[in-house]
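Shared chain: subunit A. Partners: subunit B in the first complex, subunit C in the second.
Let's turn to the complex of A and B:
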C-alpha cells in the first residue's frame, strides 16, 4: 500500500523563506495569518490527506467511477470521505467570507491543495471544479444566483462543474453549439451535448451546479456569441430546498488512461424539453468570464504536476530503501539496498530536486496572486499581476510536463515491479498524463506565453523577471561556498539562454509568427527550468545563511545539495532548449505536409 | 481503429544506403540475398503485420491474456494468428538452416521484426522469446536436445521461454535459488518459482519449452553456481510425440500497465514431485550462456522502442490530418487541421526524426552483427563485433527511452482524445513503458556501456566510432547545401560533447567509479543522440547526392528536412548531457541517505 505524508518541512520553508508569507500576512484581510495558524492548518490538512484521502487512491483507480441509468456511482469510500471533507470545512478555505468562506490567502491554500492532489488526484478534482464554478458566480452572478448557490457550494454541500467543450470543439470554444433559448419567465432552456465534464455527475453531494457555455438564438458566430449559464442538476425552490430534477443528464462516462475515480462525463442538456438555466453575467460575454477564471484553473492543474511528482517521489524513496538487490559498484560484501546504486540515486535526486523547484515556483506565484489581489498600492498590484499572468502558463505547462517526467522516473526506480499495477507507481504515471492536456495543452500554454504574455508587450514583464533572476545570480556568483558558486555559474548560463530566446521571440513574433510558435514549447520548458533554477538558487542562499548562522538542521545542507544537483542536471538543458527556439523554427515547418 | 503499414520506403532506404545491404549480401551464406528477395520478404511481412497482427492489437489490450486453473487463454484471434504466422514460415526466418531455419541475415530480419513489434508488440514477444531459447539450444544444447526441440521451435510449432528472475532476485541473478537435483537417469528434477516469465503459458502452441536457470545441489554461491536447464511443458517421447504433462505450472499472471495480451507468468516448478529437466551446456555456466544471448535479446527490445514509436507516429499523423480545430496562428478563414498548427508539426517532426534515427542506428548495428558473424576476415569480424558490443546497450537503452518519449508525444498530439483508451494512443504509451525495464533497465545498460564496453578497454572502440562520426561530419562541413552545413555544425558540437564525456569516463572510472556511474544514463542518452545524429547526417548526405543526381523522389528532400530538424531539436541536447556526465557525479551522490 502506498502511503503519503505531506512534506511539511519543505512546504513551510518555501512558504516562509521564498514565498514570504510574512509579507502576505500584512495584506488587508490577511491579519489572522499567523505562523501558528498556518502550522495548524497544514497539520490538519496533512492528517486528512494522509489518513482519509490517500488510502482511497488505489481503490479509486481499480474500481473507478461507475455509470448506469444516467447516473454515476463513486467508488466505495469516496462519498464518506467527501462528507467528512465538507464537515471539516475544507472547501471553504480560500473562498470569500461573504458567502461563508474562510478567506485565507492563496499562499496557504496552495499548500493544502497540493496535499489533496498528492493524496488523491481524482478526488481533488471535485472540489477544484466546484471552486471554479464558485469563482464564476462570485465574479458575475446576480444577487439571487449568489444567494441561491454560493453558500451551499462554498460549504461543499453542492458541487460545481464547468461545461465548456463539445465533441466538435476540443480546445476551440468558438465552435460551441449548445443553445440557450430565453423563456418568458426570464430563464433559459438549454439544449446540447457537452463532453469531458469532470464530476459532471456523482453521488457524493445532493446537488450539482453546472456552469454551461451556450449560444442564445441571435448570438454572433464564434467566440463573441458565447454566454454563460447556470444549470443545476436539481432546480432549487425559493426556500432553498431541492425541487424538480432538471433536464441535464450524464449519458456516459469516458474510459480513461487514468484518474479513474474522477467521472469524465458526457452531459446531455435538454433531451426532454430543455434544461432550465439562468444567464450568468452579460449575454455573449461568457468567454471573457472563462478567461478571468482561467488563471486559477491553470494554476490548479499545474499544482497537480507538482503533487503527483511529490507522491511518486515518496513512493520511489520507500522502495529504493527497502529493495535489496545487487552489489555496490565499488564493491560490497553482500547485496545492498538499491538506493546505494548511483543511477538510482540520480533518479531520486532528479525527482526530488524538480519537486522542490516546482513547489517553490508555484508557491511564489501563489503569493504574488495574493499580492496582486490585496496589496494596498495599485502599482504594486499591477506589477504582481503582470508577474502572475506571465508565470501562469509556465506553472501550468512546466509543472505538468515535469510531473510526467517524475512519475515515469518513479516507475523506473521500481524496475519490473513498477510495471505491475498493484505496486501503484503506474497509477501516478497514468494519472499524471492528463495534466499536460486539460485546461489547455502545453502547446496552448506555450502559445499564450510567447504571444499574449511576452510578444504583445515587447517582453517587458519577462525582462523584469530576468533582472530579478540576475540579481539572485549575482548574489551567489563567486561565493565562498563552492556549492553556491557552482549554482551561480550554471544559473548564469541558464539566464543567458532564456534572455537569448526571449529576445528572439520579441524580435521575430511579428515577422514570422509560425517559426516562433514552433519553438513555443521548448521556450516554455526553458523558462520553467530557469525559473526553477532561480528558485533553487534562492533556496540555497537561505539554507547557506541559516547554516552559517549556526542552525544545525540537516534540512539546510540537503537543500544546498538539491540546488546544486538541479544546476548540474536540470539547468544544463537550458542552452539546448534556447537553440531549439532560436534556430529550429524553420526546420520544424519545412516538411511538405503531404510527406508526413 | 488504428491501422499500421510498414514504412517500406524508409526501411529500404536505410537497408540499402546506410546498412549497406549489398555488402551483407556478399557474406558467405548470404548469396541468396538479392534486392528482389528482400523486397518480396518485406512486402509479405507487411501484409501479415498490417493485415493480421495490427487488427488484433487493440482487442489484445482490452481483453488481455486470461488465467484460470493454472493455464493461460490468449485473447480471441491470437491463436489463429499465431498458427498462420507459423504456417507462413515466419519464425524460421533468421534461424540456422541446419534445423530448418531459412538462415537469412539479421539485416533483413530486423526490418521484419520491426513490423511484428509495431503491429502488435504483445504478440511479437512470443516468437522473440522462442528465438532466445532456440539460440541457447543452438549454442550449447546436446545433439539430443537439438534434435528433440529445435526443429519444432524453429518452425514455431512449439514456443520457448527464458526463466531467469525470481521474487527475491530482480535483475540480480546471483540471488537465484531454484534448485535442480540430479537423478540416476541423467535428468534433473527442478524445484522453484520463477516470476516475470513472458509467455510462460498460453494456448497458441501445443508445447512450451522452458529454459530455466537453477542451482545444482553443490553449486557455489552467487553467479558462479547457476546452471541452465531445459524443462518442457510436456515431456517429449522418443518418437517426438508429446508425453506426460511436466510439473511446471503457471500459478498466476501479472496485472500490468501494458502489453496485456502478453502473459507475464509466475511459474511453479516441482510443486508435485519435481519438474523433469535436462542440463544445457556445462554445469555452473548458465550465466555465461545468458550473456552470449544477451546481445540479441537486448537488441530485440531496443527494436521495440523503434517499432512502437513508428506506430505512435503513424497514428498521430492520421489524427493531426483529420482533426480540424482552431484557426491558423497567422490567420485563416476557418478552422484548420491541427497539422497546420506549428506546435503540432514540431511534435510530429520530433516523432518522425527520432523514428528515422533509431531505425538507421538499429539496422546499421544489425548489419554489423552479420559482418561480425560471417565476414571471412577475422580482424574485420573482431572489429565489427567490438562495434556491436559497444552499441548494444545504446540500441537497447536509447531506443527504448526514445520510444517512450515518442509514445507520450503521440498522446499529446491527440489532446483530450489521447487520454481516452478507445482512441488507442494510450496503449502505445502503456506498452512502451516496459521496454526501458525488461532485459536490463536503462541504468543497467548504461553501466554495461561505461564499464565493460568503454572503461575496460580505455575507450578504444568508442574512439574509433567517434573517428567515423567525425569523418561523416567532415564531409558535410561547410557544404554548399545550407541544410547539410547546418547539420554538420550541430553534429560537430554533438561529437565534441560525446568525446568530452567519454574522456572523462575513461579517466575517472578507475578513480571514482560511483561518480562516473551517476552519469551513466545521461552518457548513454548522449551517445544515442549523437549516434542518431551521425546516422541522420549520413542519410542527408545520400539524399542530397540522389537529388543532385536528378532523382526527383520527394523522399530525399524530406529526409534532409528531417535530418536538419534532428540536428536543431535533438542534437542540441548533447552539450547539456555531457555537462551532467562530467560535472554532475558528485552532486548526484552528495545527499545523506537519511535525508531522502
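Let's turn to the complex of A and C:
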C-alpha cells in the first residue's frame, strides 16, 4: 500500500525562510501564529492525513462514488473519515472567527491543505468546495443567509457546492440558461440543469448548500445578466432544523479518468415545481462574485498539482530503493537497486526539485495573500495584491502542468509495473490530469496572465517581480560557493529569457494579439520555471548561510544540490520557451484551417 | 481525583535511528522527535477517565531537555489540563526519572500515576515499577483495561501476561503502566491544539525537587545490529542439518 508522510522539514523551511512566516505573524489578527503553534498544527495535520486520509485513497479510486435513485453513496470509509475530519475541527482552520472559524492565515492553511490533497485528493475536494461557498456567503450573503448557513458550513457539518457549468456553458459562462423566478415571499424558484458539480450529492453530511448561477426573467443577455442563488438540498427551518427536501436532485454522476471518489454530479433543479432559493448579493452581479472567489479556487487547484507531485515522488523513491534490477553501469558485484542507475536518479531529481520549487512559490504567494489582506499599510496591501494577482495564473497553470509531468515521471520510474494499476503510481497520473482543466484550463490561465495581468498594465508588476529576481541573482553571482555561483549563472539566463518574452508581449499584444496568444502557454510555463528558479536560488542562499554558520543539518547541503540541479536541468528550458513566445506565434497559426 | 501522566520525548517511531560514528549513542541531531507511543496511550486513558467523570484533573509531566515542552503541549492538545517540565540537559536513567516523579507526586498528590510500560528508545521497562517501589504504592503493569472505583478507593486492572489476561484489584493510590491494546489514542483537534498553547505549563529543575539525577550506569558502547548476510543454497537436507548444528548452533 502506498503511504504518505508530509515533508514537514521542507514545509517548515519554506514557511520560515522563504514565505517569512515571522512577518505574517506580525499582521493584525495573526498574533497567535508562533513557530511552536505552527509546528504543532502541521504535526497533527500530518498524523490525520497519513493515518486517516491516505489509507482511503486507493479504495476510493477502485470503488469510486456510486449513484442510485438520485443519490450518491461514497466509498466505504469516507463518511467516517469526513465525520472525524469535522469533529477534529479542520474545516474551520482559515475561516473568519465571527462564525466559528479559527482565523488562521493562509500561509498556514496552504501547508495543511497540501497534506489533505496529497493524502487523498478526491476527499480534499469536498472541504475545498465548501470553503468556496463559505467565502461567497461571507462576501455578499445577507445576515440571515450568514446566520442560517455559515456556522454549520464552517464547522463542516454541512458541505457546499459551486454550480456554474451547464452543458452549453463551460469556459463561457455567458451561456448560462438556468432560470430563477421571483416569488411573492421574496424567494425564487430555480429551474435548470447543472453539470460537473463536485460533491453535488453525497452521504457524508446531512445537508448540502448549493450556490447556483442563474438568470432572473428580465435579466440582460450575456455575462451581465447572471445572478447568484443559494439553494439548500434540505430547506432550513427558522429554528435551524432541517425542513423539506428541496427540488434539487442528482440525476447522474460522471465516469471519469481520475478522482473517482469525488462525485461529479449532474444536478436537476426544479423538475417538480421549482427549487427554493434565495438571492445572494445583488441581482445580475453573480459573475462578479465568482471572479472575487476565483483567485482562491485557482490557487487551491494549483496546490493539487504540487500535492500529487509530492505523493508521486514519495512513491517513486520507495520503489527505486526497493527494486533491484541490472548491474551498475560502472560495474558492480551483483544487481543493484534501480536508484543506483543514473537515469533513474535524474528522474527522481527532476521530481524532487520541481516539487520543492513549486512548494516554495505556492507558499510565498500564500504569504503575499495574507499581506494583501491584513497589512496595515494600504500601499503595501496594494503592492502585495498586485503580486498575488500576477502569480495566481502561474500557480494554477504551472503547478498543475508540472504536477502532471511529475506524475508521469513517477510511472516511468516504476517501469512496466507503473503501468499496472495495482502498483498505485497510475492513480496519481490519472488524478492529476483534471487539474490542468478545471477552474480554467491552462490556456485560460495563460490568457489571463498575458492579457489582464501583463499587457493591460504594460507589464508594470511583472517588471517589479523581475527586479526582485535580479536582486536575488545579483547576491549569488560570483559567490565563493561554486554551487551558488553556478545557480546564479543559470538564473541570469532564465531572467533574461523571461524579460525578452515579457517585452515582446507588452509590445505586440495590441498589434498582433493572435500571435501573442499562441505563445501564451509557453510564456506561462516560462514564468513558472523562472519563478521556481528564483525561489530555489533564495533557498540555496539560506541553506548556504545556515550551513556556514555551523548548522550540521544534512537538509541544507541537500537543498543546495536541489537548487543546482533545478538550475541546470529545469531553468535551462527558459531560453527555448522564450523563443517559442517571441518567434513561434506565426508558425502556430500559419496552417490553413481547411488543412487540419 | 487527580491523575499524573509522565510522558517521555523520544525519536519518532517513523525515523530510522542511526548510531553515532563514535559509538557513544544514538544520533539525535536533526531527528524528528515525538511522544513515546505508550505514553500517548496513557494520556488517552487519563483523558477518557476524565471525560467519563471519574477523574477531575490530568497533569502531564516530562523530564528532560527544554524541547520536552513540545511533547507536553501535545499532551495538553490531547486533553491534559496542565503540564510540568522537569528541565535538565543531563542524561536521565530510569531510576533518576522515578525519583523525580516521586518528588512530583509529593507535590501534586495524585491518586493514580499512569504511564507507558516502556519507552520505544531504550525499551527499559523500569520507570513505572521503580516509581511504585519508591512510593510504596501498588502497581499494575501492561494494562489492557483500567476501571477506577474512586468511591471504593480501588482500581481494577486487566494485564496482558504470557498465558492470557490477569485481572488485579489495587488499592489507590497506585501506579499503572499501559500496554498497546488499552486504547487507541485520538487525533488532537484543531481547537484543542490552539487551546493547548494557553494551558499552564510549569518548569522546575531537578535541584528544585532535591533530586540527584546523576547516572548510575555507564554506557560502554552502542552498535548497530549485525547486518543480515546473504543466504546460501544448500545441496541437501544433510548439509542443512550440518549447518544448523555446527555453524548456526541452533540444534544440539
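Assume the second predicted complex is superposed on the first by the 596 of 596 C-alpha atoms of A that agree within 3 Å, B and C clash if a C-alpha of one lies under 4 Å from a C-alpha of the other, contacts with A are read in each partner's own complex, and residues count from 1 in each chain.
Just so it is clear, a residue touches a chain if its C-beta (ideal position, glycine included) is under 8 Å from a C-beta of that chain, and two chains touch if they have at least 3 such contacts.
Source: prediction; values computed, not measured.
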Considering only the touch criterion stated at the top, classify A:343 as touching first (subunit B), second (subunit C), both, or neither.
first
The chain contacting more residues of subunit A, comparing subunit B with subunit C, is B
On the A-aligned overlay, A:181 touches which partner chain: subunit B = first, subunit C = second, or both, or neither?
neither
In the overlaid three-chain picture, which partner chain does A:464 touch, first (subunit B) or second (subunit C), both, or neither?
neither
Who does A:88 touch here: subunit B (first), subunit C (second), both, or neither?
second
Between subunit B (first) and subunit C (second), which, if any, makes contact with A:554: first, second, both or neither?
both
Just checking: does A:589 make contact with subunit B only, subunit C only, both, or neither of them? Give me first, second, both or neither.
first
Quick check for you: in the superposed arrangement, does A:477 touch first (subunit B), second (subunit C), both or neither?
neither
For A:59, decide between first (touching subunit B), second (touching subunit C), both and neither.
neither
Starting from the residues of subunit A touching subunit B, keep only those that also touch subunit C in the other complex, and list them.
554-555
Can you name the residues of subunit B that touch subunit A in the complex?
165, 169-172, 174-175, 196, 254-258, 317, 320-321, 323, 325-326, 329-330, 335, 339-349, 352, 404, 408, 411-412, 415-416, 418-422, 426, 429-430, 433-434, 436-438, 441-443, 446-447, 513-515, 517-522, 554-555, 557-558, 561-562, 564-565, 567-569, 572-577, 579-580, 583-585, 587-596
Could you please specify the touching residues of subunit A with respect to subunit C in the complex?
5, 8-9, 32, 34, 36-37, 39-41, 43-44, 47-48, 51-52, 84, 87-90, 92-93, 102, 552-555
Residues on subunit C engaged by subunit A in the complex (per definition of touch)
14, 29-30, 32, 34, 69-70, 73-74, 77, 187-194, 196-197
